[in-house]
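Each of the next two complexes has chain A plus one other chain: chain B in the first, chain C in the second.
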Partner chain A sequence: MDAILSFFGFGFIQSQLPRFWDGFQLTLAISAASMIGAVLWGLALVGPRMSGVRTIVIPIVAYIELVRNTPLLLQIYLSYFGLPLLGLPLSAFMCGVIAIASQHGAFLCEIFRAGIQSISRHQWEGALALGMTRRKAMRQVILPQAVLKVVPPIGNQLVILIKDTSLVSAIGIIELTLSGKMVIERSGASFEVFLFIAAVYLLLTTTFGVVLRIAENRLRARQ
Partner chain B sequence: MFDILIANLPYLMKGTVQTLWLAVVGVGLGTLLGMGLGVTSAMIGGGVPALIGTYVFIIRGIPVLVWMFLAYYMLPQLGLVVGDVTAVIGALVLYTGAFVTEIARGAVMAVPRHQTEAAKALGMRKFTMLRLVILPQAVTLSIPPLLNNSVMMIKATSYVSVVGVWELTYAAREVVERTLAAFQIFLGVMLIYFLICYPLTLAARYLEKRYSYEH
Partner chain C sequence: MSTSADIPMVRVKDVYKSFGDLRVLDGISFDVTRGEVLAIIGPSGSGKSTMLRCLNFLEEHDAGEILIEGEPLGYRVRADGSRVREPEAEIARMRSNVGMVFQSFNLFPHRSVRENITMAPVSVKHVDKAEANARAEVLLEKVGLADKIDEYPSRLSGGQQQRVAIARALAMEPKVMLFDEVTSALDPELVAEVLTVMQQLAEEGMTMVIVTHEMQFAHDVSDRLMFIDGGKVIEEGNPAKLLAKPKSPRLKEFLHRFRASFN
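Now for the complex of A and B:
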């Protein structure tokens, strides 16, 4: 067993664990901050997006289509190299989080919208016929049903978000991916480092997926 | 106002060609791989679907950038003397393949049961049934998700620049480092990606709507 482990370079990886741990914590921090930002941004966009006022809807749709059809990496660069030019001296961490939250918020807005629109017209008509105001119908009839429908796609989107945090390595944030690259370049270690990093990501995304599924089942049971 | 962008457009166009090449080869081969694996997984019993499922699970749970780094460092050490470009294309192919496997499997499974039952009743062998009954219907169902997946992977080709492979995004960074015109160049290059990706997104949306009316 020891021979196998040493063949795969695990003794070396063990010696580098503090570095990977730092990177892992940063990956968690960026994921958490971006998730909160993305959900808030998506929620902020979906109301105006569905408002039906052309002068509001058109710019929002243009923004959503633009960020959804261009690489996140370029948006991270734009944020990192561009925001300081606008007089916003933000840290690399903040620039990365803003770019990730901006793209995933746009995806989440469309998921929220699809969820609300998937609720049948009859539900609206029924609620209004009972004398509810539009606001009350939305809050008490439409949203509770929409929430159940959007939980699985939101979960998928957030798993993609966790994986996308690896891209901030391109602006010099030493998260998990860049910590692996630096260990390789500094010590001449070999590719086993990235097998280890890949395993950590797999564990992270799988754990997150399982937690989401449990939460989803709880929510379903409660309703 | 866009003078720096215009002056550097020929260089960026070269990068665009390289990006398109990566996309066609990586996404094209990956789609073929995924279709093969997906159809196999839907048609064959035994341990094969579980094996293919494991491949999909492992690939999709890890960022594509990590796969690119892994391929970049691992292949040479395994004695496979391949260039950087070949290594990252390998990662693109494997990644595209995993997503397409799910799409293809889903499309085959979505063909109604009575279709296969009728084909069996007519005495068709499995392969004939696949060719004449299942695939024509499955292909129609899978085109919109395949287009969406291609858009996702075209965007992912930009990540090869982080590993150090030259293409459009790498070229954009070079130009910005030389000219400091971050907004002009990055927005301009985003527009190039948009012009490549958006028609595919629109086509997927159009086809999805058209097929959904048929049912």
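Now for the complex of A and C:
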């Protein structure tokens, strides 16, 4: 057992744990901030996206198609080098979060839209007949049901988001991936380090997946 | 001077409505007085459900005027005859005075029975939560479902769901209640429990407009029966008289076919 562990450089990894720990914490922070941002952004987009008002819908569809169909890495660069040019004094962290939330929010908007459209018009009528405005009906009746219906695709999207946070290493944020690269540059132990980091991502995404499934089951169990 | 008692609860004035080329309401007019129970019968496609749905603006009439207690619904007709659509908040306010019960129940599956009933009073009429709760308990008692207050709709039978839907509509303290074929989706043995609740409401003096296929119930509970076909009122009057001695050929034929289906 010890032989296997030492073959995979376990002792070495152990000695570098504080560096990985710092990187891991940043990955967690970026993931959490981007997730919150992406969900809120997706929710903010979906109303106007479905408003039926052409002058609102067309620019939103254009934006969604643009961010969905260009590489996130490029968008991170654009955010990092572009936003300061617009006079926004943002940290690399914020630029990274904005780029990730922007793209994943666009994806989420389309997922939310699919969920909302899957709710029967009878639910709308039930809510409107009680004197709710469309806005109240959407918030209290339609969205809660729609979100529950699309929990699995939302989960997928957020797992992709977690993995995508590795891209912000390109703008010098020493999150998990970049912290690994830095250890490799000092030690040359690329195989061991990348394998270890992959395992950490795997642990993170599966833990997230399990939490999400438990939450989903809890919600469903009530109905 | 006219008092509010003189104003009909519902006034439908020369209302037209088409879906594409199909004219569904063809210049229909009628009043519903305070406390009156009006039952609307007619063959399928006659426009009866559309008429009912116009009474809370779920369908928008193309022309004519609908007044709820004298207040125009959906559109305000100017002196020159042109129409202005009311703002959404005003339409919502008008709807909050008109309770509606649907064939498909339309309960909110993600909310408990209690929440289904308290939701609109709290969020639309800003009723205090405790008060809305107390009222929900009273209403559930009335429809015989006090023990189901914390259940979710999917755990109730169709008849129970429909009674919750009635309680939910009543929680808004509406001036008039609309019933759109509310027993059509129910198993035969569950129909009676819903009709009993409606009968009780009628006896309490609630103004009701009922679209139904339950001819016997229409006969028993309504003050006035209205036969609609082709988007027009063909014949109306005392339910017993109308059913026993129909004048128009269309109502005769309708009743004949209706009775034939039971023999």
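Going forward, the second predicted complex is superposed on the first by the 200 of 223 C-alpha atoms of A that agree within 3 Å, B and C clash if a C-alpha of one lies under 4 Å from a C-alpha of the other, contacts with A are read in each partner's own complex, and residues count from 1 in each chain.
As a convention for this text, a residue touches a chain if its C-beta (ideal position, glycine included) is under 8 Å from a C-beta of that chain, and two chains touch if they have at least 3 such contacts.
Just so it is clear, the model here is predicted, and its values are computed rather than measured.
Number of chain A residues touched is higher for B, counting chain B against chain C. Looking at the shared chain after the overlay, A:71 reaches chain B, while chain C stays out of its contact range.
Of the two partner chains, neither chain B nor chain C is touched by A:11. Contact with neither chain B nor chain C is seen for A:47 once the two complexes are overlaid on the shared chain.
In the superposed pair of complexes, A:125 makes contact with chain C only, with no contact to chain B.
Of the two partner chains, neither chain B nor chain C is touched by A:59. Of the two partner chains placed by superposition, A:172 touches none, neither chain B nor chain C.
Using the contact criterion defined above for the overlaid structures, shared-chain residue A:152 touches neither chain B nor chain C, since it reaches no partner. No residue of chain A touches both chain B in one complex and chain C in the other.
Those residues of chain A lying in contact with chain B across their complex are 65-66, 68-75, 77-78, 81-82, 85, 163-164, 166-167, 169-170, 177, 180-181, 184, 190-191, 193-195, 197-198, 201-202, 205-206. Residue ranges on chain C touching chain A, taken from their complex, read 56, 58, 88-89, 92-93, 95-100, 102, 104, 106-110, 119-120, 123-125, 152, 154, 168-169, 172. Across the interface of their complex, chain A is touched by residues 58, 61-67, 69-70, 73-74, 77, 151, 155-156, 158-159, 161-162, 169, 172-173, 176, 182-183, 186-187, 189-190, 193-194, 197-198, 201 of chain B.
Those residues of chain A whose C-beta lies close enough to touch chain C in the complex are 122-123, 125-134, 136, 140-141, 144-145, 148, 222-223.
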